[in-house]
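There are two complexes below, and they share chain A, which is joined by chain B in the first and by chain C in the second.
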Partner chain A sequence: MSQPTPLVQPLLLQFQQLFFISKIVGVLPQDLDKFRHKNMLEKSRNGMFYMLGVLSVYVVLYNLLIYSFGEEDRTLKASQSTLTFVIGLFLTYIGLIMMATDQLTALFNQGQLGELYERIRVVDERLYREECLLDNSCIAKRIRIMLIMTFIFEISILVATYINLVDYTQWLSLLWIVSAVPTFINTLDKIWFAVSLYALKERFEAINATLEDLVMEHEKYKTWLSGNDATTATVGNRTTDHPPQSSPPPQYDSNLEYLYKELGGIDVGSLRGSGSKNRNKVAPIAHSMNSFGESIPTPYKPQRMNTNPMINMAHESELSNATKVEEKLNNLCQVHDEICEIGKAMNGLWSYPILSLMAYGFLIFTAQLYFLYCATQFQSIPSLFRSAKNPFITVIVLVYTSGKCIYLIYLSWKTSLASKRTGISLHKCGVVADDNLLYEIVNHLSLKLLNHSVDFSACGFFTLDMETLYGVSGGITSYLIILIQFNLAAQQAKDAIQSFNSFNDTAGFVGAATEMDNESSTLYDMVTTTMMSPTY
Partner chain B sequence: MSPNTWVIEMNSHKSRLFTHPQAHPRSQLSNDAFARRAVSNDNPVFEDISTILSVLKASGLLPFYEQLSSYEVGPPSKTNEFYSFFVRGVVHALTIFNIYSLITPNSAQLFFSLRETDNVNQWIELLLCIFTYTLTVFVCARNTKSMLEIMNEILKLDKEVLRQFGVVLSNNCNFSVKFLVVIVCCQAYIMVLRIYAVKGAITPTSYILIAFYAFQNGLTATYIVFASALLRIVCIRFHFVNQLLNAFTYVQQQKLAKKSRRQPPVSNMEHFPEDSLFIYRTHNKLLRIYKSINECCSLIIVCFLGYSFYTVTTNWYNLFVQITNNKGIISAHILQWCLAWLCLHTSLLALLSRSCGATTYEANSTSQILARVYGKSKEFQNIIDKFLTKSIKQEVQFTAYGFFAIDNSTLFKIFSAVTTYLVILIQFKQLEDSKLEEQVQNEV
Partner chain C sequence: MSGNIGQLLHSHLRFYQLLGLHGLPLPGDGWSENWAKWFRLFAGCLMIGFTALTVVCLTSSDVFLYQGDAFGWFNDILKYGFAEIAVFSIYAETIWHPRPLARFWQLYATLAPQPASTLRLQMRQHWRFLVTLYGTLSLEGLLVCSLASMQVMSRHIVLFWSTFQPFVLIVHLRNTQFVLHLELLRQQLLQLEHELALLAEYSTFASDVASFAGFEEYLRRRVRHKQLIYGRIYEMANCFLVAFRYSVLTVLLMIYVRIAVDCYFMYYTLYNKINIIDYYLLLPAVLEIPAFIYVSQSCMQLMPRIAHQLHSIVITSPALSLQIQNFSLQLLHQGVRIDCLGITVLDSYLLTRSVTAICTYMIFTVQLMPKLSGTYW
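What follows is the complex of A and B.
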């Protein structure tokens, strides 16, 4: 079995660009040389130190950013209590937390990630042996598209915010670039996950396609058989001469007989209800003439048979030979199980990053929308969320953030659907072959398939499927409604006080000003307090 | 917490798989650390959770059962039964007394808070606690027999495992003692805080009220820990079954084949029919035990979850209110109080949901592991198919009295509900506060 090994391209070959970028930016610590030469992810001590260094640099720079841009918030902070200050910090630091989670998990999992891709390679080999071919080239394309999308989104957000909303006369404003780092690193990490997940999905689909191919072949074979049968009947009548038909291979005889019997049974059941056994021999011929002879022209079949008889025969024998196909189906089932296990392992590796990403997505989505509302009402918003001042940039940010989350959820959902589809494809095999022995095998294997579960979840707290997406969107909507309603209520209270103050001329404008200041700070308190609480 | 630490003697079992079954289980046992315990006849059953058992026995929640042999327990003797009965009577009497003193102004000095809503909160909390504990006592009194049955079932299963495989399953329930310590510490601390917070001389009624409140809380929590320990015990047995089955999966078979390539191929599949019979039987028994534990505890657990949810929400709220009040005076007393409550209830909730989740996971993974067994002959396939067919519609869950299933996601749901309530409550509070301030300023 060492022969086909080099024939299977390792999946990691497609990841080269992504790996170089992630290595430079500090998403993955694995060894660069080993990857370049052997396409393997191996542990590397230097990479670990490099990554830790990069991480600490990012943390320092990000803190510097918050410090230098937080001056505008200082007036807000002064009026705040300690707790809301802490919560505000949480909201600003969630990006950093997410990035640190990604990088630290990558550090801890650096050995296991390599094993994961090694397991995928073994699966590929087994699939190759089962004549189930995979095309990995579209994965490279996918990675490229994702990388380009990431760059476009990041740069457009960064540049638009920098030009529109940052005071770029100051030298320190260049620090604003750092604000894009956490999301960028997070996206790179998630591209690894998404593409690997996509590869798993492709493998599931390849298994399904193989099974469907078996069905197709068998259907063709059946039509050919019946057509052949019909033509031989006519041949017998007309005494015309077709060399391939005159000498049918002897191994088909038993199958033919079986098919006759089976077709006869159907025919008798559907047409006559009860027919004599003697007529069964005749009935299938008439029936097959009716059902197949009309739709498929008879001269087509001999021609097709002449062009590629070998392929036809080789595939035909697969589903009609139960013992032979059992081996293949068993192997496919085992590969399916192995892929499910790989999926689980992958989910385990990325469970904390996914949890943090979902928390980040939920928080940022709600915060951004709420601050957009605040900005339209000319209220003060935290300086790190200044992109909410411009609706256009907000839309880009929202699309980018939600795109990441939704794509991951969608892909996980699709993958588990694809894994569940295998059972259906397997049953098609059983139905089309209509053989007792094969039915038993199919029943046995489909029971097994039923117990191969691959559900993607974030630390077991919630599964990644469309239901969760629906729940999250519902959560965002209800939080927004609550927040905006309270904002409106506070606004009304403020108006009442203003009217009271204008009525009370002696109070003067100073009082009103302080009043307004207080009001906005309580609003800010409310928002920040709220934002902290839903941790996903 | 890795699953391998739960079952200690797996090695001896694996070695058995290469030898003939039931050939030398005793001789393998002799070099175990557990051999002494297994052979000696009068070791107490459930040694791992004996502390918690004795606490529950003393408080009348569990009967003082007689130990008939090292693998069987019998019903309690007459005097012990009377003792449990007596304790329960005392508890009920105290409860009635407490409710009476809560209604009369005797307990007024305990409700000293500044705001009216806080007092109402404390009242509700107190009543919930009393309700939960009274329910626990009633349910436990009713379920005495089924509890003993569960214990006997578990012990019988252990005995069978020992006979068949020469394996003593360890329970690894050390966490129960730790939790007991945490509960006692938290309750004692809260009691002390309470006593210090009361101004003036404390009447004996208040002392009784405070002490009994702590007692009730502690025992309810202890019962939850006990339920988790039972679940853990079941979980370990499920895990053992799964490990047993895992040796037959195709992955393990391939490994074996690789190892014994030089030697004549030794396949352990020939033991599969007999072992699978044992595995199926054990799995069924475990499921039955699991279900009966669920029936025994679920009402108490529902009540506890409700109580816990309420306590966690109010304490978080109090904590926020304390920290966000702009006067800058953070009362250390209330802070400690809230933190103690939160620590206790959060850890209990986490423990409960984790042990339920782990047991459900282990129970469900049996069929998944079995799906990985590929038998060559029809006979094997039929054996496998039977179990898999049986387990299709068999939903293994630990439900809270049928309301919802308890697992890791329950923890998540509870905390997201708590945060939602907090958001609403805090916003109302801040709105209220700002209006109050305006009024004050306007008056000035």
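What follows is the complex of A and C.
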């Protein structure tokens, strides 16, 4: 039924720009034409070859970059502390590894990614049938903002470093541009993940909002009903929803006036209805008669109709019709399950890239701070991390790297929370309606939701929620202090050796000492180069 | 006439309001657009004032910061930096996020419409908060006075403490404000638990001695009523978390950083036999975190009690059973969990972890000390 005229706009429609850029720089291999015409991600052999080509070009260029800038490192090797050198060597390739993980994972998953968005489209249609409307337009806006932020960060880091810290008289220095490629590609890939995750979160929130609407509607309905019962003329007045024995005294209203005004946008009437009544006035009559169960809804409905013979349809609540609402709740919970499944599948697709990003973030954050410390002590640092020489560029780099990691963690946490909130909204429906059949449905579905929550993790190594941040920040501080201590110790040992040498020099015979010194220094050079070259 | 929240709460909220920590008008104030505008302006001025103070302290060539060595100097910058972040987030929440707080007080007013009648009863009701507030405040005052009388003042000490103490005061008062809100929450939870216990007792009594027609239905309605109340208490807890979303984190972080740094300084001054005793001022800060965590922990500990009381209600009809199951599931779904921005749950375990972390950092920094002061060789 949905084939000729689609009920809902596909989510991928919002991804046009992002896909175009991703395709050009080689983040995704899928077919561009199919995407443009049908908004679908389909496998493409040419795309695969293009991507592999791009990847190998990047790898070659990056190695060239390391080689050409490594020249400086070699001359500095003697003066550097071994620790700094080893850390630099270890972290040189981590950006490249991260990029390769992203691209290779995208290649392997190229079929499944399309299926994922197709599943989201089906979910959208089902939500549409449950009158749960979604607005995808903000997603395109989000993508645009993220892209702009990425460009600003990348370009500011690149340009600032290039102008301040790279010797741009040589044409080889242009290779420095390549140093921005891994992080840029990684960010593009993570924008896909982040935006899709955000879309899932929106779907959870739409379900929650639908359930809350049911509650709100029912409360209004009950307010109206009790207003009719009491045969008060002013139905819309918010004081009418208080039964005579209700606990708050009348002056309470004027006292709280200041808070209502502060809360401005919230519908006062609906807030008051949310349970200030001590007991439901209608339900007890329906229930006290038959407490055994299943056949309740049948007497329930006519009973409602009897109390309000001149009901006009303006105030109708779905929650008062248990059989009808059962179907709706069931459907919503099934959609919820499906979204959870999609979330898990999505997490599976991106698990390795996220793991590599988190490892990268942790290591680079620590290393950048450590090198910043080294630079403030006027020690030389590996040439690839030259941005640490300038505190301002360091701040930008740190904000960019940590921002990427923290945003993903934050979003995963929020999505997980939104999925858990559905249970709460469901229970609200149950309590407000106060109907035995509905309680049974709600209990059943609530157990189902409890057993079926979505939690995001990086390959199972750690969950992507805010608690991880606590551990990571603790780890970074500890490692930083340890590294700085080692550095201090090494520096002091070096100072001691130097003072010892200078003491020897002045005490020794001057003529012989100069000769000896020359010899020993060449010997020292030889030893260091032979020691260092295999590791390099 | 002090409105419906009681004289005691009213006066304390007014106190917080005057410091720009409580961004709502009090009952009887009357609300108007102008009021909100002026209050925001007032809080904004305080915020700008504190920020300017930080900037002056950090950039001035005068001896605001410790001059002995680079590490001590860096530590002082850390202290100012985190204090500034904390104060900034506090005023930002007052200025831009008054709504969750308003909802909190609205819910509180619906849950506890009548305050205790006399001041003495109110004091008994809120004694935990009063002890926390006045205990830490008076300790702080006492220590500052004793420092002023006993310490030989150097320019650094005068400049540092006269600029840093206002930050400390605001942050500690914010902490007591958290304690106040959580204490109100705890009272509500305790009352719910108490009511459920009564209900359970009553059901036991009625099941074997006396029952009347429609008793099950009555019981079921009471349980449902408690369920509705619980829903509102949960929303109150949620409002607390949203209203103080960032400041819980930054206040704890600032106190934590200060303790870690000042422990280092304490050891440093003792080690180098410097005649400065200002590390005693750390004591109130050490007490603030446990006070906060204790209240939040006691809130969360009530959750299993509520579930326990709920399940000790004697079940006499399937409808009641269904209702209790529903409530129980609701408790599973919406447990009260007090955390700061999801980063960590505020329970005693956090206390253990922070003590461990501070000890570890102390060992690191103590090791670092001889190397920094240059007396190693």
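The working rule: the second predicted complex is superposed on the first by the 389 of 536 C-alpha atoms of A that agree within 3 Å, B and C clash if a C-alpha of one lies under 4 Å from a C-alpha of the other, contacts with A are read in each partner's own complex, and residues count from 1 in each chain.
Here, a residue touches a chain if its C-beta (ideal position, glycine included) is under 8 Å from a C-beta of that chain, and two chains touch if they have at least 3 such contacts.
Keep in mind it's a predicted model, so treat the numbers as computed, not measured.
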| field | Partner chain(s) touched by A:F462 [first = chain B, second = chain C, both, neither] | value | first
| message | Touch test for A:I497: chain B only (first), chain C only (second), both, or neither? | response | first
| What is the contact status of A:S56 with respect to chain B (first) and chain C (second): first, second, both, or neither? | neither
| query | Which partner does A:N46 reach: the first (chain B), the second (chain C), both, or neither? | reply | neither
| said: In the overlaid three-chain picture, which partner chain does A:N164 touch, first (chain B) or second (chain C), both, or neither? | reply: neither
| Between chain B (first) and chain C (second), which does A:Q17 come into contact with in this model arrangement: first, second, both, or neither? | neither
| request: Would you mind checking which one, chain B or chain C, touches more residues on chain A? | output: C
| Looking at the overlay, does A:F486 come into contact with chain B only (first), chain C only (second), both, or neither? | first
| First (chain B), second (chain C), both or neither touched by A:N443 | both
| note | On chain A, the footprints of chain B and chain C overlap at residues 440, 443, 447, 449-450, 482, 489
| chain A residues within the chain C interface of the complex | 247-249, 251-252, 255-263, 266, 271, 274-276, 278-280, 284, 287-288, 291-293, 413, 417, 420, 423-424, 427-428, 430-431, 434, 436, 439-440, 442-443, 446-447, 449-450, 465-467, 469-470, 474, 477-478, 481-482, 484-485, 488-489, 492, 496
| remark: Within their complex, chain C touches chain A through residues 3-4, 24-31, 36, 98-99, 102-103, 105-106, 109-110, 113-114, 214, 216-217, 220-221, 224-225, 227-229, 231-232, 234, 317-319, 322-323, 325-326, 329-330, 332-334, 341-344, 357, 360-361, 364-365, 367-368, 371-372, 376-377
| request: Quick one: which bits of chain B touch chain A in the complex? Just the residue numbers, please. | output: 250, 320, 323-326, 328, 357, 367-368, 370-372, 374, 378, 381, 384-385, 388-389, 391-392, 407-409, 411-412, 415-416, 419-420, 422-424, 426-427, 430-431, 433-435, 437-438, 441-442
| task | Over in the complex, which chain A residues touch chain B? Could you list them? | result | 81-84, 330, 334, 337, 440, 443-444, 447-453, 459-462, 479, 482, 486, 489-490, 493, 497, 500, 511, 515, 518-519, 522, 525-526, 529-530, 533-536
